[in-house]
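In what comes next, chain A is part of two complexes: it sits with chain B in the first one and with chain C in the second one.
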Partner chain A sequence: MADNSFLKSIIIILLISVSASLYAETAEDIIKIMDEKQTFETLESTGSIISRDRFGTKQSDFTSISRGKSEFLIEFTSLEERGQKILRTPDELYLFYPDSEEIIRLQGAALRQSMLGSDISYEDMTEGTDTLSRYDVKLNGDEDVEGAGCYVIEMTAKKKNVPYPRQVVWVDKNIYIPRKTDYYSRSGKLLKTMELKDYKKDGEKIILTSMIISDKLKKNSTTELNISSYRINPPVHPATFTLEELTW
Partner chain B sequence: MKLSKIALRNINRNKRRSLLSGSAIAVAAASIIFLFALLDGMETDLADNIQTFYTGTIRIIHSDFEKNKKINPMHLTVKDPDKIIEITKRINPDIQVSERISFPARIYIGSRYFNAMGMGVRFPDEIGFQKIEDVIVEGRFPETGREVLLGARLADKMGVKTGDKITALSATAGRGSNAMTFTVTGLAVFPLLEFTNSVFMIPLETGQDFLKMKTDVKELLLKYKASSDQDAAALIDRLRNETEKNGIKNIDISYWKDINDTYSMIAMAEKMYMIMAFFFLLLGCSVIINTTMMVIYERTKEIGMMKALGMKNSDVVKLFFLESFYIGIAASAAGVIFGVIISQILHHTGINFQNMMEDMDFEMSTVLYPVVTLTSVVTIFLYSVIIASISTFIPTLRATGINTVDALKHN
Partner chain C sequence: MVKILFPAVLALSILSLPLEAESSSSYDLELYNSIYSSKDELYVSGYGTAGMNFSSEKNRNVKGIIELDFYPDDSAAAPDTPRPLFELKKAFIKVRMLDNKVTLGKTRTTWGEGSVFNSGDVLFGSMTPYVDLMSEEKRDETSWMTAVTTPLGPYSFFETVFIPPQTQYTEDGITSQYPGGKIKNSSAGGRLYTRIGSTKFETGYLYKGEKRTESDPEGSYHRPYISFQGNIGPDWSLSSSAAVPVENNPDTDIIKKTFSLSFSLFHLQNIDHDSSLTLRLEGIVLPYQFWKEKERILEEYESYALLLYPEIVFNINPDFSFSLQSVISPVDISASFTLGSFWNIYQNFDLINFFTVNGGDSNDLFAWKDGSDRGINSFSITSGGRYRF
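After this line comes the complex of A and B, so read on.
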């Protein structure tokens, strides 16, 4: 009897896996699952950005709160940038500096500016997880990335107001996370690369806890983005993602 | 009768023609005097602007700054500027020093933004260094804290006036970014359009705080009257030795002529203009050649007669040469005097090139003042006389080839 129930469990798991893989056959489905796994009702985290280039290494620490797919608030805590905040709302991106009486709304090319001299732009840091609203996706086969089988998905921007007109993302076939992403310009020039170094699973959700971003337009420059701690679904004040709250 | 007397008599025989020949030389000489006065004025203006606004006579920056300047390396600063100033003053107490932090910035006003060039300066020092009080057209220069002096056209572009607030965003020395809000205390019209269009100036300490520079500066500009390039090179050597002895590292000390290319371009252009002046005068001389040829044709019978009376070919050449020489002297003198008068008037009134320079980033002032130098006056006078005199040789050679008998028959 015991052997039978073990066999049943194996068959059920296999059936679920097979049905899951059948379900995730289209590029849209894969990206949707990838986004959902990284979308939280609310998420609070602390981390650091470590930039390395020919001038040395620089570390900036931050805390961040996000809600849903497109609301983020990041506050820098390291001495050099203490009190600086970045607020992303569904439509806009704002910067708050303690020395400034005005909140700066970033738009257009300014969104692509380097954040704190790193390889990450303001847009990269706060990019939401609603990928399918901004990109057309196409499955381009599969490849292994550091031993993990991945779908290779090409994403082409639907609108002109996205930072990268074309992306190629390698999505892990088993856990649906981006193992690697290449970002291209409209002319096909490689602008940036992202490599995932570590992640944490929490139930169905996945938090990308360490990744390396490299701006290919800069010489010998890489940036490590690390999440040291996080809390899923903490209570968040409704006014957190408003301009009024930003100046507090 | 002496040849010189005959030459003078011949000049007076047809005053209109002599005047025509002379006026061509005079116009050419006057134009060249003015052109050279303008060039000298431009050169003086450029040298002054470059040393006042950009590099000083000697500039001290971080040794790695220049090779990385494309990426705006705000962290490559000059450390311990007070020590360097102390060393400089010990070497020569008359050297004026300007501590500066220049930085590209973006100014935000509401949802609009404007690209600008920020500059942190010690305003009291800039009174002597760039006569800052002369450029202020409204309000006053910032004294302390978060106050800003704006280029008048930048203010106009942004719709900002004295008493308003602006917020500037810039990269910092900590390789991050910062934004700060300033109150506009004054507007300035600088001699350079680029500055009036895009510069805002804040107190040095505010700049250090804004850009997280502690007590560092981006550059130290030293200004003094170097008697020669060698004199400046000797001072630079001494500064290098003294700063090194005092343990100051990672600085680059350079002479302004080695930093800025524009001045050497103008100096090179001056040589080109010398060649152009030569052709300009030759053009003027074509009138002399032309009139001399007409004179020779008209006076063929007279030449024949003089030759029949025993005048040698060389004397015929000398006669025509002397005629041109006298015309050349008179015309060159008149042209040079006229050119000097015009240039001197414009030296006081100035020539406004603002409309021409609207879209140019050039270290030249919008109003230029021609400068007449004794060297250019003497050179151009001699140049004109010599070219005018030599130019008669071509038609005169024709006169020497005239057969005496044929000449006497000529009507």
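After this line comes the complex of A and C, so read on.
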């Protein structure tokens, strides 16, 4: 009997160990869940990019429609850039300038051009939610961010020529959203910090509706990205992510 | 460019119409003071444009845009002298019909590749060396047209274009008895825009019934073109076209003389997280034109065989940049250089400065002193602002 009890105990401990190891999340798992929560079959949204510096405030408004991880169509609606559009598909990125009625195909380094003079590049704005294809990730323990328990994950870019070769992201342990992200230069200098200010839950999905990006190399320089309204899974016209819609 | 009183009257009648709620409007002011040298004297001028844009909103199937440019003029001309005050830059309607998009009115469509030199631009002819390097859009001509775009897939479409002849005006601004022109002077054609592997491919043809641009010879011509764009580290593009006479032309070498090949290279280099350097090189080769310097000024559609456009833009941060642009004529060793600075200080407001200098002999394309009455030569210093509201 004693032997049997010992054997049972060993089996139970082994089972607990195995199941525990099944639930122990790796950095890849965490990032994958974070991406999944922010990926929608289709999503329509309206928002603005607000830059603040010592000369005042500049605002660019946009409407956006996306399908899955890598199809986006963004149209700017604010005065200065009204009618300019960006089309991102899995393998192409196009711009449309209404003044010249011209389609510009962005490739290579041109993708890293600043979008509308903001801190955000065309690639940043439309890169989608497939983080693991672009970064190697590593779990560096956990920390609290404004009272929320977070995984600390270090992300290293797989490609060399990127604006931020290293990022550290604090992912909320309960709802798997990035509460904060630090952006570093290749030399390890902290360049920018993103802080999440607001989000909306819709079932299992989450929309980040307000975030502030602070430039750590400039005094009083921030960029705020706000989503003012959105629709989840709206019907999307089959031609939405084509040159036809881009040039409309 | 038709800058006479008829567009002014049209503009005023449009402005007097009530604007519905389903439209938006914006206004552009681009105003400069310029000091320039001409004929051994220094001159100063205030100039610019005031643009108005009205666009329809919230209709997925119909779109209309009106764009007017005003030229503020502080002249001492007699009140009854016709002055070029207005230009109807754009006035067009876009309509979705079945799967096609129909565009009707005065607008632009850009064929081929290249911001300054583009052999594929057989409609508006982006081949001449004289370009306004201070302008945001280097080539922005518009024309009355009817275009039908038929999608052929996500990255492909076919576009057909019909352009009626331009109305000929007499010197006193009175139109001819027949607005427009003879049907044989119309222009019509189409282009295919698609991808072959990772390369963008474009080809098209335009029957051009009349001379419409400086680079067009007189008469009617078939204008086929071909264009490619891709990436091999830097972005690259190649475009080519020629003019084939429709009727017998005394100039038997005209196909050779109009054959051109334009190219472009573009690269962006990030310097740090905030600043970047963009490098662009465009050029046009007309292999059967002049490879040796001419004693006289070039005429008609004559050109030197090679022209280059290098451009360097140093973006210090997203709001402030310096640029150096140049049009170089290697054959006669002359060039025009424009150094610019742009500062986006406030929302929708840019402070802009330019210094332009020409370098070359008096009969070169870009002369320090050309001895003509062409206005600005040698150099100019321009300072002003651009505001949209």
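The definition used in the following text is that the second predicted complex is superposed on the first by the 211 of 248 C-alpha atoms of A that agree within 3 Å, B and C clash if a C-alpha of one lies under 4 Å from a C-alpha of the other, contacts with A are read in each partner's own complex, and residues count from 1 in each chain.
Keep in mind that, in the parts below, a contact is a pair of C-beta atoms (placed from the backbone, for glycine too) under 8 Å apart; a residue touches a chain by one contact, two chains touch by 3 or more.
If you're wondering where the values come from, they're calculated on a predicted model, not measured in any experiment.
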item	value
Side-by-side fit of chain B and chain C on chain A, or clash	clash
First (chain B), second (chain C), both or neither touched by A:Glu244	second
First, second, both or neither for A:Tyr164, with chain B first and chain C second	second
Touching partner for A:Leu217 - first (chain B), second (chain C), both, neither	second
Of chain B and chain C, the chain that contacts the larger number of chain A residues	C
Contacts of A:Thr89 with chain B and chain C, given as first, second, both or neither	second
Contacts of A:Glu101 with chain B and chain C, given as first, second, both or neither	both
Footprint overlap on chain A, where chain B in one structure and chain C in the other make contact	51, 55, 58, 80, 99-102, 105, 107, 110, 117
Chain C residues touching chain A - in the complex, by the definition given at the top	24, 26, 55, 63, 65, 94, 96, 101, 107-110, 136-137, 139-140, 149, 151, 153-157, 193, 200, 229-231, 233-235, 266-270, 272-274, 276, 278, 315, 318-319, 344-348, 388-389
For the chain A and chain B complex, residues of the former touching the latter	51, 55, 58, 60, 80-81, 84, 95, 97, 99-102, 104-105, 107, 110, 115-117
Complex contacts: residues of chain B adjacent to chain A	73, 75, 106, 108, 111, 113, 165, 167, 169, 171-172, 174-181, 209-210, 212
Of chain A, residues touching chain C in the complex	51, 53, 55-59, 79-80, 82-83, 89, 92, 98-103, 105, 107-110, 112-114, 117-119, 161, 163-164, 183, 185, 191-192, 215, 217, 239, 241-244, 247-248
